[in-house]
Each structure stands twice: as structure tokens, then as C-alpha cells.
Amino acid sequence: MKLKFPVVAIVLEVAMIILFGYFVEYETEQINLQQPNTTNSTKVDRFLELHSLFQDVHVMIFVGFGFLMTFLKNYGFSSVGINLLIAALGLQWGTFMWGIVHNHGQRIHIGIKNMINGDLSTATVLISFGAVLGKISPTQMLAMTILEIAAFVGNEYLVGEIFKASDIGASMTIHAFGAYFGLAVAGILYQPSLRKGHEMEKSAYHSDLFAMIGTLFLWMFWPSFNSVTAETGEKQYMAIVNTYFSLVACVLTAYAFSSLVEKRGRLDMAHIQNATLAGGVAVGTCADMKIHPYGSMIIGSIAGIVSVFGFKFLTPFFTTKLRIHDTCGVHNLHGLPGVVGGLASIVAIALGASKTSTMAMQAAALGSSIGTAVVGGLITG
Amino acid sequence: MKLKFPVVAIVLEVAMIILFGYFVEYETEQINLQQPNTTNSTKVDRFLELHSLFQDVHVMIFVGFGFLMTFLKNYGFSSVGINLLIAALGLQWGTFMWGIVHNHGQRIHIGIKNMINGDLSTATVLISFGAVLGKISPTQMLAMTILEIAAFVGNEYLVGEIFKASDIGASMTIHAFGAYFGLAVAGILYQPSLRKGHEMEKSAYHSDLFAMIGTLFLWMFWPSFNSVTAETGEKQYMAIVNTYFSLVACVLTAYAFSSLVEKRGRLDMAHIQNATLAGGVAVGTCADMKIHPYGSMIIGSIAGIVSVFGFKFLTPFFTTKLRIHDTCGVHNLHGLPGVVGGLASIVAIALGASKTSTMAMQAAALGSSIGTAVVGGLITG
Amino acid sequence: MKLKFPVVAIVLEVAMIILFGYFVEYETEQINLQQPNTTNSTKVDRFLELHSLFQDVHVMIFVGFGFLMTFLKNYGFSSVGINLLIAALGLQWGTFMWGIVHNHGQRIHIGIKNMINGDLSTATVLISFGAVLGKISPTQMLAMTILEIAAFVGNEYLVGEIFKASDIGASMTIHAFGAYFGLAVAGILYQPSLRKGHEMEKSAYHSDLFAMIGTLFLWMFWPSFNSVTAETGEKQYMAIVNTYFSLVACVLTAYAFSSLVEKRGRLDMAHIQNATLAGGVAVGTCADMKIHPYGSMIIGSIAGIVSVFGFKFLTPFFTTKLRIHDTCGVHNLHGLPGVVGGLASIVAIALGASKTSTMAMQAAALGSSIGTAVVGGLITG
């Protein structure tokens, strides 16, 4: 019993070292091989150029997701600790899986893009982690990381390469996918005892302040998250600007509706910690489209409202009626706003904001993301 | 009563969306219009080049200012929460106001400069917030944000475009302005009951550690704050170097004088949290002038001493005699050091460190900043 | 008595201002002097290019080291406060000492390299601080900062310029040096009363969460630490990639072995906070060599294991038998992994991963770093 976790962790790390030994090389080796007369300065320059956006995303993964989940006073340390463990495994496995699928089994040449994709794969698992926090053991989390990233990379390949749908900020492929995957797992793991009690599910004053560290680092760096995989230049510029304005608008509506639905107009801390981020999720899919700053602000405003309503009305309904207990409310922060993001992209394409994808393909991408997530989550659970 | 806050917040957000719909466009649209034969690569490259300095300032606004004010054990969450709300509104309104004034009513083309100016406008309001924390409601804060940014942009235009004064790190236009505006509002809101008691105004051990998160992120990124609007190249380089050396010198004098004025040589936490930053404020105005590293260190040393004396002697005097209660001591962190910054620039110009402005214009800028702030604050209050 | 600390701090700051007045200039003055016909754009561009890596290292110094030491519930504020004080002095003194030694007494022209070297000198002192935390006064810390940086710069010059050894991430010259210097000082300061009791040496729930802030910012930005002094281009790229993969592998083995050595398979918080970082230390020396990603992962895995065993078995042995009390366990985080890093570089060179140094020179560098540190530490103590 006691040996299960260490053995699983060591076996996984040894497996990663073997896989990397066989399949992963430096980027420079490829260049030297293929173009013996050119220097490798271009690729490596590009490396440093994207490095600062990559660092922002890296901070979101470790500090953002890690501290966002510390609001539970009894799970503070375990959420930030397990977050680091999952992320460290996810970065390796995600880098390998993504690389091997997109290179069709060829050797992977590690560049900043691969490291970014490792972070993004990991983000998906961390979102699901929010739904099952407190319900599963570290060993189970390691298993879930391996299975979920495989499903994620499969769906991402389908959406990006087969449907050729647009999803630059990954509202559908990361946020909706991660949320519904986690909810499906949580549904399987439901224990009736959770229905009452919830003794452990309380926040404390200081734990709420720790959670705000997570919220703020996610909020500030979300423009980097949505733009890091965008084409350099105009597309990347638009992804940053659109996300930025969606987020600021989202804060105002989240605060307004939090005060509206709570007794005596008080602000609810869970709404402030989570719903203020929904604008980043919802604008993701169309972040690099010409939706104009005011369009982003409309998307962000809607996301803030939807997210607060989710926390107030849907989460209790899920727990009592659907028997799905969503510890951190990931459905409200990632699930619903992810769906809003998918729908927004359909509207945006209908209005002519982008010509790189079609309405049908966007709908297919949304359906595929949710479908794969639910099926994958049920199997994993 | 309960509906006041949500209604005000929603009306403001709808107003912002309408204003942005009419007045704000992407930067690329302007370029395509004006220079149909060139690509927009230059402007967009410049975007990413400044993006990393912008992110530093963004962190200062949300994590720095937000957590610096968590030292009060009973206002921890509200300070960081309201900080986010004010900043989200301030970014939108500041982007709009600054853009419309500097473009003389023409359409605004959103670039990194506009986003930086949005952050700077917001910083001004957050400084004033420190003086009134615990005294006014969220709804009043929203109103103050709208009024103060309008006054700030007016004064900034006067200083920069009419006087053509130098104030690269905005010691006068942001720090002194924000502090005296806040003090004027606090003076109007003075309640005699605050004179005794101050029960709520205590810090706790953990809240002091949270505040240090704010202090450190402000301290580390202050060179970016003072250099982000500087001319690329030599000027920006000097603004970073000068601010850096002013800050390190300031830490030593702040610690030394804190120990000197306290009983039994103990260090006072409020001094460590605040006075260590005064060097960043005071060097702001002449950060891009040839004041030499040792000149910056002298300015920083003076700022650290002045700030500690302010906390020890001026704040009690303001509360009891002038009936102005300054919750976070913004006068000592932003007000006095801002004035020191203005005076330092006059000395620096007298010594020939810069030829872009004159002593008279710097004095006018300082006077205008404090004057506009006090008048604006009294009206707002 | 009460005046000792303020007087020492003020005298030191005045001394720094005088030294900087005589010896330190802007970088641009040198260029204008030497090459009157060229612009200074190249050097200043290089300044901004490295600025983002520099900021990462800066965050590690102030937030990373500062908060990592907050795990002791009674030393939380003093560790983060004294950390700032030491760092502010260290940056000035390190910039001066490093510059004067490497310029052979000529004037120093401040560029980003000098600021980076200031941070690195300071890191060495902060590592030693971890071993003596709670044992010495702020005044003594200031003295130790002055002495240790002098010894550090001397050893670094010996290793880099005389032996011409490779140590890009400074596993030997910073980490091993800092740890053994601190241990030597701690050995001199040993008080038998510390052997039992240790009442003050307890962590609390919240202080462990604060410490995780330090851990995470160190972990995320370690690739910048190991690459910031590397040659631009391929070398810098490799230093980032190798450190990144060493760190992720280290997390898994550290968690696995922590669970293995603890009762009932629980994870120990000190291991999670510290041992997860050992991979960054250990890969430092050969970070810019062609050790391949899987090679980095092997180094990281070993470092994680060694560090956990150090905490579990060596620290108690040091305290009881060798009479060296290592407050934060710096021997396990910096000392042992630093030695692993030195040994790894000898193996790597034997395997042909680099031709810029020889095995003998690497061994000499390791011996010199530990020797100078122990002698310097004993004298300082």
C-alpha cells in the first residue's frame, strides 16, 4: 500500500527518460542535419522571442492554477503540492504525446513550441483536477494525467488537423474539454456522503487571500495564454488585445451579478476568484479574429454573468440532482465559458470576423471536445 | 440600496462598450488605411518588444498595489478585491480618456502604448484608494475612479503637452497627484471617531507577509514602471539603471532610519513595506536624465529617510491636527517622495543633466500636479 | 547598542555611493568615447534582449529566496525582510566587486551583465543566510554580505579566468560555495542549546503555503538563472531546455522518495519545498553542454533523490554529530546538488558533451569552490 505511490512515480519517470532518450533531440541537431550551410540563428531567435510569453503561461500553470485551488482551508497545501506533481509529469508526457502525434511518429526536436504545448496539455489536466480535488489520491492523479493527456492530444489533433477549426485560445479543446472530463470523472466517483456535510469544503480568510494570488496571476497573464500559439504579428497582437478587453469587462459584470444574486448585496469570494477569469476563457476561440475591442468586451461581459449564475444555481443543482460534485466549480470557470467561447466563434464567423474556419467546423470542434471529454472521463473514472 | 452597486457597475460597463464601439479600433486598421503598401510589421514588432515591460507594470498594478494594502487584517480581502474592480474599470476608462485627449477627439488605435497608459491612469486611482481604504463603499470607488482619471488625464496633458516638462517615471503626475488627491478626499470624509479607536487598523502577522508580496513585486518591477514610456535605446536604458540603483540605496537608509526612530532599534513593518519603495517614486522624474548611478543612489537614500520620517511623525500629525486620516500612509510612500522627485529634477536640470525641460517648467509641473489633485480631490470628496 | 545597526547600514550606503561615484559609469559613455562614429544601439538592444531573463532572476532573488525561508512560523517576516536588506546591499557590493575584479581596476560601465552579476553574487549570500537564519543579527548579516561576496568574486575569478572551467549555471561557484560557506559559519556559531528544543524551528500550515510561493517562483524561473550568462543562441537555448527537463524529472523522484522515507507514505513539506529544486542546481554546471534532454532528466532524477536523503539522514547527523545546525537545510538544496553538478560535468566531459573545459579543470573548480567557501566561512564566523 505504502509503496504504491513511490513505485508508480519512479516507473513513470524511468519510462519518460527512456521515451525521451529514443524520441527527443535538440532543435539544433535537426537544423545542422537538413541545412548544413545555414546557421541556426533564426529558430533560436524565435525561441527567445516567444520565451517571455511562454514564461507567462508557465506562471499560470504553477502559481495560477496551484494557488487558485488553495481556497479550501484543509486542502491548501495538497492542492498546490499535487498541482506541481501533476504538472511535472504532464509537461513531460504532453511534450512527448503532442510531438509524436504531430510529427507522425518521427523524432521530436525540442523547441519553445513543444514546451508551450507541454504546458497547454498540462493545463487541461489541472482543470479536471479542480473537479476531483479531495476525492482521489496522488497515485490516481498520476494515472489520470497519463490517460487525459492522451485523450486531449487525440481530440486536439482531430479539431486542428482534421476539422481545421479555429481555437487559438483553446476555449473548447482545453477549457471545455478539461472541465467536462473532470466532471465525468467526478460523476463516477460520487459519494452520497458528500451531499450533506461538506465539512472540509470551507474556505478560511487566509486561504481566500492565497487563492487571490492564483486568480491574479491567471488574470494578468491570460492574454499571453491566448496568444502564445498565434501567428506572430497581427494575429498575436489581436489575441493579446482581445483577451485583455474581454477580461476587464468580465470583472465588472462578475462583480455586479455577484452582488445581485447574493443576500444583502455582498460580494461572494468564490465569484471574485473565478468568474473574473471567465472572460479569458470565453474569448479564447475567437481571440485572433477581427471581433474588435468592443466585441471582446461583449463576450467578456456575458462570460462574467454566465459564470456567476453557474456558481449560484448550477453547482448546487449538479451536486444534488445530477450527483456530480464539482469541488472548485470548474464547470463555471472553464466548462460554461468554454461553450460560450465555441458559440461566440460561430457567431463571429457568421459576422465575417474570420475566414480561416467555417461555422460547421467550429460546431464540430465544440461537439467533439465535449464528447471526447465525457467519454474519456467516464472511462478514466 | 442593494441594487445601487450592481446597477452602477452594469451601466458603466455598457457605457464603456458603447464608447469603445464608436472610438476604438485595432492599430492595424490605421496602418492599412494610411500606408497601403507597407506591412504593419514595425508597429506590431514594437508591440511585442514593449510587451514584457508592460507585463511588469501590469503585475505591479494588480499584485503589487493589491497585496500591498492587505496589511490590515480586516481589510485583506476587500483591498485586493476592490483593487481588481477599480483597476478593471480604470483600464477601460483610462485607455479611452487618454486616447481621446491625446488624439484630439479622433479615433483611438489600440497599441501597447494605450494599454500602458491605461495601467498608468489606474495606478493613480489605486494610490488614492490607499488613503481612503475602509472609508468608502465600492460604488463610491467606481465614481472616484471616473472623476480622478478625468482630472489626471487633464493634468497630465497640461504637464506633458503645454509645459513640456519631463516626468518620465511620473513622480509628479502619478505619485504626488494620486497621493494628494486621495488625501483631499480623505480630508472631506474625516470622521472624528477615527481619531481614537482605530480598532480595524491593525495588522496581523500573516497579513504583513501578504503585504510583502505586494512590496516585493512593486520593488522588483519599478525599473520597468519608470522606463516603460521612455524613448527606446539610451533613455530607456538609463531609466532602468537609475531606478534600480535608487531602489537599492533606499532600502538601506529606510532600514537604518526605521531602526533609529523605533524603540529599542526594532524594525517597523510598515516602514519595510513602504519606505523601501520611496526610491522608485523619487527617482521617477529624472530617471531618464544623466544623473549617474551615484546620483540615483543619493536620491534613493534621501527618499528612504524622508519616507520613514513621514510615517513616524507626519502621519500622526495629519490624523490628529489636520483631520486627514491616511489609511495606508500614501503620503509617505507617494506624496513626499513624489515631491522629492520633482525637486530632484529641478536640481538635476540646474546641474545640466538634461536639456529637454527647464527648471521653471518642472516647478510648474509640480505645482500643477499638486494643485489639480487637491482641487479635484476636494470636489470628488 | 541600539545605534549599531543604523550606523553600520548608513556607513555602508555612504561607502557604496562614494565607490560608485568614482568607479561606475553608464555604458553609453564608454561607447561614445571609444567609437565616436557608431551609435550605441547594439549594446543597448542587447540590454533589453537580456532584460526579461534578468527580471526572472531578480524575482528568484527577492520573492524566491525571500519566501522560501518563510516556512518557519516565527521567522516569516524576518526572513523575507532581512532577505531584502541583504540583497539590496549585495547588489551594490556585488556589482562593484565583480566589475572591479573583471575590469582589473578600471572603471565599470554598467550594463545588464553587471546587474546580472550583482544578482548572482547576492544569491550566494542568500544561500548562506539559509544556514544561519535565526542565529545572527542584521548587523552581522551586513558584515557577512561584505566578506562573503569578496570571497565569492575571488573564487569565481579563479574558476572562470584561471582554471577556465565551465560552470554556466554556477552549481559549484554559487550553490556549493554558498552552502559550504554558510555551514562553516553555522559550525562556528553552534550553540549546544539548539540540539534539543528547536521550539522556534517549527513550521505552521500557512507558513508552509508562503514558502511554496518561494519554491514555485524559483522552480519556474530556474531555466533563466542557468541560461542568463550563457552565450546567446544555441548555448542559451540548450541551457534553458536542459534545466527545464532536469527540473520536471526532479519533481517526480523527490515526491517518490519523500513518500518512501516517511512514515505511512506521507509527503514531507520540507522535501516538496526544497528537493524539487535540486534538479535546477545539479544541472547547472553542464546546462549549456550537449547532454541531451534525457541526460538532463537523469541528472535531475538523481538530484531529487540525493536531496531527500540529505534532509532525512544528513541534516540530523550534522546537527547532532558535527555540531552544525543548518536551519533551512541549504546543504540538501544547494550543497549536495552543487557537488552532483560538479561531478556530472566531469562525466559529461568524459562522454564528450563539451570541449570547452577539461575534467581536471572541472575537478579543480569544484575543489576550489568548496575549499574557499569553508575557509572563508570559518574566518567570517
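Per-chain residue numbering starts at 1, and chain names A, B and C are given in the order in which the chains are listed.
The criterion applied here is as follows: a contact is a pair of C-beta atoms (placed from the backbone, for glycine too) under 8 Å apart; a residue touches a chain by one contact, two chains touch by 3 or more.
This structure is a prediction, so every number in the text was calculated from the model and none was measured.
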| item | value |
| --- | --- |
| Number of hops, chain A to chain C, where each hop joins two touching chains | 1 |
| Rotational angle, Cα trace of chain A fitted to chain B, multiple of 5° | 120 |
| Centre distance in Å when chain B and chain C are each reduced to the mean of their C-alpha atoms | 33 |
| Contacts with two or more other chains, residues of chain A listed in rising order | 52, 206, 213 |
| Contact set on chain C toward chain B in their complex | 1-7, 9-10, 12-13, 16-18, 20-21, 24-28, 40-41, 44-45, 47-48, 51-52, 55, 58-59, 62-63, 66-67, 70, 76-77, 80-81, 84-85, 88-89, 91-92, 110, 115, 138, 206, 210, 213 |
| Interfacial residue positions of chain A with respect to chain B in the complex | 49, 52-53, 56, 205-206, 208-209, 212-213, 216-217, 219-221, 224, 232-234, 236-238, 240-241, 244-245, 247-249, 251-253, 255-257, 259-260, 264-265, 267, 269, 272, 276, 290, 292-294, 297-298, 301 |
